[in-house]
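Letters A, B, C, D, E, F and G mark the chains as written, and numbering starts fresh at 1 in each.
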Amino acid sequence: MKFKPLKDNVVVQVLEAKGKTTGGLFLPDTAKEKPQEGKVVAIGTGKRLKSGEISPLSVKVGDKILFSKYSGNEVKIEGEEYLIFSEKDILAILE
Amino acid sequence: MKFKPLKDNVVVQVLEAKGKTTGGLFLPDTAKEKPQEGKVVAIGTGKRLKSGEISPLSVKVGDKILFSKYSGNEVKIEGEEYLIFSEKDILAILE
Amino acid sequence: MKFKPLKDNVVVQVLEAKGKTTGGLFLPDTAKEKPQEGKVVAIGTGKRLKSGEISPLSVKVGDKILFSKYSGNEVKIEGEEYLIFSEKDILAILE
Amino acid sequence: MKFKPLKDNVVVQVLEAKGKTTGGLFLPDTAKEKPQEGKVVAIGTGKRLKSGEISPLSVKVGDKILFSKYSGNEVKIEGEEYLIFSEKDILAILE
Amino acid sequence: MKFKPLKDNVVVQVLEAKGKTTGGLFLPDTAKEKPQEGKVVAIGTGKRLKSGEISPLSVKVGDKILFSKYSGNEVKIEGEEYLIFSEKDILAILE
Amino acid sequence: MKFKPLKDNVVVQVLEAKGKTTGGLFLPDTAKEKPQEGKVVAIGTGKRLKSGEISPLSVKVGDKILFSKYSGNEVKIEGEEYLIFSEKDILAILE
Amino acid sequence: MKFKPLKDNVVVQVLEAKGKTTGGLFLPDTAKEKPQEGKVVAIGTGKRLKSGEISPLSVKVGDKILFSKYSGNEVKIEGEEYLIFSEKDILAILE
């Protein structure tokens, strides 16, 4: 199954916050920070501007991104969880 | 009876969340996830842009789509439930 | 007495939710669903676009329509109840 | 004293809801419906569009109109109560 | 000291609601209606439109105006109270 | 240290409400009115309009201004308190 | 690891409020003011205007800036905390 996000929507696979402290201790689930990093797995064709033109997205499939906490729609496809959100909720690309 | 949605409205038949775990157990109703998948059964003619042009929809009848939780207007036509919402609440097409 | 709705307003006669189950039982008032179907009895001349043009309505008098729950202004004219709302709250025409 | 409403404001004299049932009984004040009918007593010169043009109003002095519940600003001039609201809160003209 | 309101701001001297009934009785403060009339004492140079043009105000110094309840910013200059608000909160000019 | 406010931001030094009644009595802090006067100490270069042009500010450094209660961002630079706000929250210049 | 903020986003390293009074006393954490100063460590390529043009940012990497309290998205990259926000939440550059 494949995704074809509409307009400026982006499908993101959330990268789990690491459950280990820098000292090597494992953290219980509640102590983990809400993850804010993800990998882009599908992008829309771009948003239609008022002029009629399509504005292409600034991220591409494979980009590792940083998104704002609590943004996005959680969806579950074939047992795997994704976040879908508008490109404007993407804060930065990590290189 | 047929639907003719106005503007960028889309009539969607909700696809029930499967009431069975991957292990084959049946789940009670309250344990089911709120469904977010649906099949497009009717689409509007498109939204009129400020320029006067009509912007055609990006989904077509028969498309299996993903929509955001809690979006849409629930309607019941001849005993069957549908969701009607604006195309902008559609997140992705599943292929 | 006649109505002349302004701009993109539409006067709708609400079609009562049927107080009978498919099995033929009569339902008490509180068990009825809030009706969402209506018949257009008067339409405005259209909304003035920013360009100055008038955008004609997509519904016409006599159309049976579906509208979103809780939308519209309830008015009572000569003892009869109507809903007046902007055309954008009309979801679909039923044919 | 005369009114000169600004822009798309309209001064309306509220027509009291009739305190009598169709059977001829007088209703106490609390049982009356909130009135939604009024008579236009003064209109503004129209709203300035972004293009710079003035968009003329669609109602004229003397029109009997229907307005949405709870809209408008209550003002009292020389002991008489009026409602002033923007033309966009007028739902329909009654003929 | 003089005022030079910015843009479409208007400085208004509030005209006190009369503390006397039509029958000549003096009303205690709490029984007075919140005043909605005022006299324009200073006006801005007008709001800059998107086109770059300045849209002149429709009120002039000395105008007796009607404004909507609770609108405006209360300011006190040299012991006297004024209201400053945007011209769009002015409902009508009284003549 | 100097400020260079961005866009239409203005840095304002708040002028303390006078803690003395007109009769010469000193007022405790809680009885003082929230100050609404200030002196402009730095201004931005202006807001970029949609057309691409920069719209210059209407206030200049040194202006004594009146601003609306509770507007602005409190900042502390080198021990001194300032308010920074958008020019649109400035109501009037006092001359 | 490097950041490439999207559009008009800016990555800022928060400069800690100094935990020392001017008299030299150390302040406990709760007595410190919420910091509002930061250093720009990465900037986006600019926001796309409606005309299609890209509007360049007014801050550059290395700028010491003042931002409004509570604005911005807290992110943690490789153990270090940053704030990412839209350029419009930057109030002033400190020189």
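The rule is short, and it goes like this: a contact is a pair of C-beta atoms (placed from the backbone, for glycine too) under 8 Å apart; a residue touches a chain by one contact, two chains touch by 3 or more.
In this text, all values refer to a predicted model and were calculated from it rather than measured experimentally.
Within the contact network of the assembly, the step distance from chain D to chain F comes to 2. Looking at chain B and chain C, not one chain touches each of them. Centroids built from CA atoms put chain F at 41 Å from chain A.
Centre-to-centre spacing of chain F and chain G amounts to 23 Å, using the average Cα coordinate of each chain.
Centroids of chain C and chain G (each the mean of its C-alpha atoms) stand 51 Å apart. Of all residues in chain A, those that touch two or more other chains are 50. Taken as a contact graph, the chains are arranged in a single closed ring, with each chain touching exactly two others. Order of chains round the ring, counted from chain B and going first to chain C: B, C, D, E, F, G, A. Only residues 22, 33, 36, 49-51, 53, 55, 58-59, 66, 68-69, 87-88, 90-95 of chain C touch chain B when the two sit together in their complex. Per the touch definition, chain F reaches chain G in the complex via residues 1-7, 9, 11, 42, 44-45, 48, 50-52, 73-77, 79, 84.
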